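The structure appears below as structure tokens.
Chain naming follows the written order as A, B, C and D, and within any one chain the residues start at number 1.
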Amino acid sequence: MPDATGLELLAQEIGKHEPDAVLDTIYFRERGTILVDPAHVRAVMDVLRDAGYRFLSSVHGVDYYPDEPRLGVLYELLDMESLDRLTVKLRVDTGAPEVDSVVDVFPTANFQEREIYDMFGVVFRGHPELRRILMPEDYEGFPQRRDFPVGGEPVIFTYNQNKVPHYTE
Amino acid sequence: MEVTREPASEFRSRQLRARDMLRGDLEGAELERYVHERVITTTLDRAVSWARGNSIMPATFGLACCAIEMMSMVASRADIARFGYEAFRATPRQADLLILSGRVSIKMAPIVRRIYDQMLEPKWAIAMGACASSTGVFNNYSVVPADKFMPVDVHVPGCPPRPEALVHGVLRLRSMILGDPKLGWRERYGAEGTEEVVGPVAERESGPGADAENVFGPGDTAGA
Amino acid sequence: MSTPPRIRDRPEDIDLAPAGQQLEAAPEEQLLTINFGPVHPSTHGVLRLLVTLEGEVVRDLSPIMGYLHTGIEKTCEDKSYWKVIPVIERMDYLAYYFNAMAFCGAVEGLLGLEVPKRAQYLRVIHLELNRIMSHMVWLGTGGLELGAISIFWYAFRDKETILDLFEMSSGQRMHTRYFQVGGVIEDIPPGFEEKVRAFCAEMPRRVDQIEAILARNEIMLQRLRHTGVADERTLLGHGVTGPLLRAAGNPWDLRKAAPYSSYEDFDFRIPVGTVGDNYDRFRVRLAEVRESVRIVEQALDGLPEGPFMVEDRKVALPPRHELGTSMEALIHHFKLVTEGYRVPPGELYYAIEGPRGELGCFVRADGSGKPARVHMRDPSFVNLQAFRDMVADGYVADLIATMAMLDPVLGGVDR
Amino acid sequence: MLRSYLPAIVFLGLGTLVGLAFATLNTVLGPSRAVKSKQDPYECGLPSEVQEGFRFGISFYLVAMLFILFDIEVIFLYPVAVQLKAFGSFALIETIVFIFLLAVAFVYVWRRGALEWK
């Protein structure tokens, strides 16, 4: 795992190629995370790919509901030679959830970005076929946002529910 | 539909009479009644439902974890072949039992209903596991209980139910078929007249399902 | 109306080229797009493949998923931490110990807990037994696809023995909720070790039996060799891990690369294929079963004494007999049972080696008693992306053989 | 003369009787309800978009023709194989010639490449 100093060196190296790309670096539980400005994510991925992080193991979305900007996208990068894991994080607002897709750099992001679009509504520019992957194609709403109701059956155990009106309210 | 079970005493007396008959010391009126009981009373319907009950072909319809237990029901330990159920058919045309083994999501529900409609009469359905009977552990926006979109004959509890539990569920279905050979599911559940008649409640004529009005308003169950 | 030209007389109409080429020159054949749909005996669950066929040759394929989407990640956000484990276990229903291990590892990382050595060894034993069980179910259903029906009964016979072991140690056959954040729920009962040792002594012979039936079988060789080939570069590009990547020659295994839960104490080998075709995947998985048996044996030999659960009262329920005497135990018990423990805010991604590849669990804690976000990086979901490259321009029969060897579990794909 | 054919006629009658019974018993005993979705073709649970006039590839017919050709050849061999001793060496030579002729056809088909799947 890149230790704190390694993380800072990596952040500076990205800074050389992309001047204002890195917003913050977090070092938590021996795990490095780089907070990136959404506009530069494609370029940062190229830099990290040349720096050895050639395997993208996971892309997932997070909804930081109370604090803005709400929707987060996390890329878990892995360097197989030096056994390093690195997380690249970006925060996008629900008003304009637009991010560049990294499918041409890492083809594995194809299905996972479609799932983030399906569940959180983050639109990935340049994705070959951005449609819903898990929910039915005509489903409205993004289910895994925090303000979407968990839903489910209001469980009623009375047999005469239509005789007692407004029981379910 | 209650399964009637014979009192033990009567069963014992039948056994004794069968033994006497085998020994040959059953004569006259006694023998007459014995033969009458055995051969004459089986109507064609009961004979057909006996054959149908003992040779049901389930459809291979594995959804989730219960499918693994359904597979081990077919395997050698809790062997369903003892009751003639092991011929799992892939197409609904040749299957007459649909074992809903797993959680049905809202994307899968129309497909399960189409498979059930494409199965030939007479057909039965077993909702295996808590997820198919009720939504089980996942009471959320994406899981639908089986009773919401198709008529289910036997609900097998468990998450996942043991293979023996499923075999017990299948045997209850068998005794149900032997006991009550009404074939269409609408006759079985008193749902004549509920064929898909579109339109407000008032237009439907007064069949048994006529007064059923939907308790949940539109959008009440938030996508369930 | 002039008489039609007599075809026979014109030399250019008679074509003496061998029949094979003649067919090539035939006009563009009608492509058939058909659903290899959710309800199909060979899709191992409810995977739908939209396949474009030209006669018997697969021209294009696009997997369509979501038919088993259960909203597990949304449900986890509504449960307290120790209630999440039963929901998470039902995700990839063939590797339930692995799901629980990934989630517990992530939460232990957030809490900064140190799991006692005995609990780590018990976890390794159950993880490897679960890996053998998952490979046996793959073997049984994979054999059905390739026509080897009787292999189903061989494989499920061993699966039943493993499920008996799980039932003995944790009370239930599947989804046992045996792992807990901080260790395991219950110590193994006496007599469990002997039964596992008996199983470990018997299992290699069973694998020999299966290999004697299948490995040299002419039909199996014809169906599996040089079909569904995928080289290492495209697999890594698609993020494929696990037996599929190892069959292509890359010995990447998280148990060796980033050892977790004291895997570094055991010596075991990583089976690696050469060509990366279906036959390599078949042999790699069978060899993995042998390696798992060796791990279980070593874990049993080195099983240390000591606590099976972390001592920290903030997380672990105090033992029953203490409740009668000490007040703190009662307060801890009450706090844990009513509200569960709180995890300090933070995010962590914890990856382990599942039977189908890297199974990662991302947990974000916001300081309350419920996880704010749980995401499971499922190997089958990612491995399905490479499926198109494996079967393009192959026959439909090879599509089924490749799907059998890909071993997707749709619970993990659709979460 | 009729007596010697009686077993064959009885056998024929029984055969058609059982065949008809299996064909009609289902419709007689089983209930039939024509639901719309029951008429649709079964395509793994989805409404099927395959149009009616779909033409299968030529290779399928080619393989079917070759199969029928060589299958009938085997059927002709059965009566000979059953009564080989009764016919004596004449039948043996006859069968060899028969098989040789078809072997020529087989070699022609093989060299023309019709056996490899396009």
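Throughout what follows, a contact is a pair of C-beta atoms (placed from the backbone, for glycine too) under 8 Å apart; a residue touches a chain by one contact, two chains touch by 3 or more.
Predicted, not measured: the structure shown is a model, and the values here were computed from it.
Colleague: So which chain ends up in the middle if you average the CA atoms?
Modeller: Taking the mean of all protein C-alpha atoms as reference, the closest chain is C.
Colleague: What is the distance, in whole Å, between the centres of chain C and chain D, each centre taken as the mean of its C-alpha atoms?
Modeller: Chain C and chain D have C-alpha centres separated by 44 Å.
Colleague: Quick one: chain B and chain D, Cα centre-to-centre, how many Å?
Modeller: 38
Colleague: Using CA atom averages as chain centres, what separation in Å is found between chain B and chain C?
Modeller: 33
Colleague: Two or more other chains in contact with one residue: find those residues in chain D.
Modeller: 45-46
Colleague: So which stretches of chain A touch two or more other chains?
Modeller: Counting only residues that touch two or more other chains, chain A contributes 135-136, 143, 148, 150.
Colleague: Multi-chain contacts only, two chains or more: what residues does chain C have there?
Modeller: 37-40, 66, 69, 71, 74-75, 78, 414
Colleague: What is the shape of the graph in which nodes denote protein chains and edges denote touching chain pairs (line, ring, star, complete, other)?
Modeller: Per interface graph, the chains form some other shape.
Colleague: Between which chains does touch occur?
Modeller: A-B, A-C, B-C, B-D, C-D
Colleague: Quick check: in the complex, which residue numbers of chain B touch chain C?
Modeller: Contact set of chain B toward chain C: 60-65, 67-69, 71-72, 75-77, 90, 102-103, 105, 107-108, 111, 115, 131, 137-143, 159-160, 162.
Colleague: Please give the residue numbers of chain D that touch chain B in the complex, ascending.
Modeller: Result: residues 29-33, 35, 37-38, 40, 42, 45-47 of chain D touch chain B.
Colleague: In the complex of these two chains, what residues of chain A are touching chain B?
Modeller: Residue list for chain A touching chain B: 135-136, 141, 143, 148-156, 161-162, 168.
Colleague: Using the touch definition from the top, list the residues of chain B that touch chain A in their complex.
Modeller: Result: residues 106-107, 134-135, 139-143, 145, 213, 215-216, 220-224 of chain B touch chain A.
Colleague: Which chain C residues qualify as touching chain D in the complex?
Modeller: Touching chain D: residues 18-21, 23-24, 26, 29-30, 32-40, 48, 54-56, 395 of chain C.
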